[in-house]
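A, B, C, D, E, F, G, H, I and J label the chains in the order they appear, each numbered from 1.
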């Protein structure tokens, strides 16, 4: 059994039980963003969380153990994603990449926004011209060291 | 002369004049995010904006005309970016791509977040453990049509 | 079970039952274009449609549930398609890509043709020199926002 | 001098003279779709057309000669286009590729839609919910020969 | 069952029965070139041909049905083939590609040689310095339409 | 100066002088197929041929010397060609690659068709349903050695 | 069953029986280089050799038949090999490729070293500074034909 | 000036002066294989050698200095070479890669053949059936360390 | 059974038995770095080590035999790794590659750092600002030979 | 002028003046590792450092300004490096990537080694069996946040 098999079991069980990620997140006791990432094989659960998830989805013991092992991350089958929703985010990196770079360097100097010490909040933004998806990403700024 | 040549002129002049993107944005009369994107060759200026930019950076007439032509977008030299700052955003798409997909579909159904009817706000988030980069992206949700 | 398995079941059953996509579309109550896309794993069915499709092809319950989950889209095994019929469309993008871009920008300004708020109509165009394939695509124009 | 240099001259002159492709097409005496393709280096002009174009844009004799030579076709810098407008068409091939294949084969049998004996018509489709881009493509059906 | 499975069955049965493609072609009633292409999953058989092939190789009914469905074409596992025999043909395209282009355009004008309305004849050419492979390809010339 | 520069000079001069490859081939004293390959930078000329070509196109001495140096072969800018005419040949390799392999092995055993001890003949095949391009390729069969 | 399955059977049996390639070569009656290539799926055995190999490794009849069919050649999973031993050979091609080209052309004129009419001898070269791997490759020179 | 420019100067001068690599090697005082590699930008010359080469080809002082700087190695424009002569060596790696691996491991255990402590000898092998290219490569065996 | 299957068995058993690599290394009698590499399929064990590992993880005899066979090395599924931890090392090569090159050449002359005669030591470096990962790599310098 | 042009000027001047990176580092007042990275276009200098560097190499004012602008990082021309010295580091990532991952996760839990808060020390390690290259890398461990 591999972590991808655990992910597949969770997804199948979630569909069968008609659960929502936000409900699952409450069980796990973390945000819906982190919980979804963890259950889709991108984050590591601690023992308590893994046991809860195991119960919720009826997972075998081996799967519960695998949820506590650091996974090989990366959730996409190709370097340039084909799914239109995910592609739009890739397009934002392609079109706005150098813009992110310029504005962060102007504000902070040479360094990066951490993708590890990072949190994300995704919510609906009501709008009369059609509701909007609003995503706020917050990552620690890490300056390059001189030595 | 091509649009990339105009971008290069602007960047060289900006360094020589020690201008900031936020100052330039005030001249243009748009947000610093949109202005930076436009002057780095990703957006189209109207005539009034192009003339202002031309004066600010001392651009020749041909360059001012080119700023008003829709550019071929895409600001990165490779499909997977090598620059560490920009790569972190690509990594977010790679790691969180399916998570974005799940959560947006859970909230909105089948469709995408527009990367066109889109705005972005990048700011510093003070934090005692080290300041953070905060980026809020807002895109209209576009549902797939059945027909 | 994955969505691809459902697609494979549908295709096998369609061959065995000698059904046509246009007949299936009548059962589903949508156009043949949308119905084919949905049953080949590119669109999401609602519960009523999924149940009808399940009956028509004798699908198990799990498959009927999967038809109602938003799929990971993209129907081709390689970035540049090898099948001659599909390649011709890729060739049109390669040869006419910048032409589409110029003419849409001339007519509408900077923005894109939506591939989401989109419909398509494919029909036979009788012609004494050999019948023709006629495809009409209609997508909402989405202008880039300034902010 | 290469054909790309001629394309660049034409584009620069078009911007300077504020000409539209539809006006240029009238001078050439062909549709705006074909004319744009030809002047962006994808089609071959005959002598009469090349001379007219040369006059319109003030091209040197060598450029006028090159317009009459069959070009190496393909208008995009990368196999997967980065420009959002052009990418949407690539996305249509990726998502709808097998759908085009199924429906054309159902209607016509094994064969392809010609991308050579082909014409295209791009126009604005007024719509109260936002105007739409309408593209009609018509290509001769070419059946595979048995021998 | 997929078309590739049918191909694999045919190849295994052909080896076991020590049949030659030229013998099989006689049963099918087409040239050995077309027959080999069809049985290796690149062409579509009609019902009569499929039934004959099914008997010859002892195929199940589902396989006989699949032989009558238009396949997803493309017979190679990689974009640049690794097999030395097949690579030599790729090399011919790489080295002689622009030469084919120049000579066909010189003789016919702008257009292509059809790969659909196409036939091929492969035979041994006896030669005292070592026998030669002779391949004659004949494809209809398709001129680009102006419109 | 590089061989590509010589190719470019020859092509420019050929257009200016309105020469045909078949006429040039007569001057060189070889077939039009080989001559075109040689002058497009794929073959090596001997001194006598290079001098004739130099006179015909008015090339400088350095160019005449370069024509006698073995070139780095390969005439296409990308691994999968974008030009529709050349792509059709790549498609033939993709679709018929394993077919070539089967039929040559059936006739000759394990080995390849040489792409070096090779000649080609390209001609017009008149046909009431539209003239055809006929290409005959003849390559020595080279069997694998056992040792 | 496919040729790769036969290769896998042979490799597993070879490990279990602790056989060496040089011993196997004696059974087959060819050099160890050719024998290893053949049993790893790169060459074709005749009936006598295949029967011997079948007995030695206890292969089923279908496997013995497959050893006599010309395989699809190419033994590496990626275009640029990741295994350090094999990569060193790729590196030699990368670093010395143009050097091979220059020296072979200087000695022989335009043409290639055959990779088909080819033999190889790999042996240990004792050396006080550490033993060396010595590989001698001998391939027939094939000159380009003029025609 | 870059090392590639020095390579180009040397190649142009070599053609003009009708020098052979074997003659140049005598001047440099190394083998023709190493000398060709060095002058095509793959190896580093010492001061004495660089000065000799500078005189022989009439190079400016800056070029002579650059010949003594370690170059960025790799002599081919693409990962899979297009030139037929060089491709044959790549094909040998592709077809014989795992064979090299098996035989070297059988003889020496786990480790590699060095591509650094390496020498090569290329010569003509007269043969009544056509002369052969003979290449002997000798590299030190480097065993993997356990620690 | 293949080496990857052995790796998978070991990893599953290690999770079930809650063993640490450092503990396993003690059993094997080598460093934790080498032991981890060997058990993840990158190095070859001798008989004694393989037997110990077989007992520790309860492996079948065939797996114990496979641990003693030189594996096809390379532990990553893609050329550019997607896992953030592993990517950071790839990024170091991308950003510091030419820096490694300059400094090693300045210190040692032309040559390389061996990746075969190589050892590595990974340890925690306590630091009040957050503990650090410290990796020391030591590889023999191998100078290029002149010959 | 672009940053790459500044890098090229510095490298040319360094060769002409026979300077060593360690000497230059003393002038700049940082380690030789950081200094080399900065002057090869991977790091940003402050004003004082840039002025010193400008004097040392005789750079124009525009170049001195560019040294203070954050560069687009990534020092290699291809995703898989061709230079043997640099490739060895890529090979280490390929072979040891999952080993780094296992050992860092065992010691620290889920997270990464920073490539930003990072320092490196490269030195000669004398060894009677041949001197060794010793590289010590130290990066802050960054744990994934749960939220």
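As a convention for this text, a contact is a pair of C-beta atoms (placed from the backbone, for glycine too) under 8 Å apart; a residue touches a chain by one contact, two chains touch by 3 or more.
Bear in mind that the values here come from a model prediction, so they are computed numbers and not experimental data.
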Those chains which touch chain E and also touch chain B: C, D
Chain labels contacting chain B and also chain G: I, J
Chain centre separation (chain B, chain H; CA means) in Å: 47
Rounded Å distance between chain B and chain I, as computed from the means of their C-alpha atoms: 41
Contacts with 2+ other chains: residues of chain J: 33, 72-74, 76, 79-80, 82-84, 91, 94-95, 98, 101, 105, 111-112, 114-116, 118, 142
Chain contact topology (line, ring, star, complete or other): other
Chain-to-chain touches, reported pairwise for every pair that qualifies: A-B, A-C, A-D, A-I, A-J, B-C, B-D, B-I, B-J, C-D, C-E, C-F, D-E, D-F, E-F, E-G, E-H, F-G, F-H, G-H, G-I, G-J, H-I, H-J, I-J
List of chain I residues in touch with chain J within their complex: 20-22, 32-33, 36-37, 40, 42, 73-76, 79-81, 83-86, 88-108, 111-115, 118, 120, 122-125, 127, 129-142
Parts of chain A lying in touch with chain J, wherever the complex brings them together: 30-31, 33-34, 43-44, 70, 72, 98, 101, 105, 109-112, 114, 116-119, 142-147
Residues on chain D engaged by chain A in the complex (per definition of touch): 80, 82, 84, 87, 91, 94-95
Partner chain H, residues of chain J touching it in the complex: 8, 12, 15-16, 77-78, 80, 82-84
Of all residues in chain C, those that touch chain A in their complex: 1-2, 62, 65-66, 69, 72-74, 76, 79, 115-116
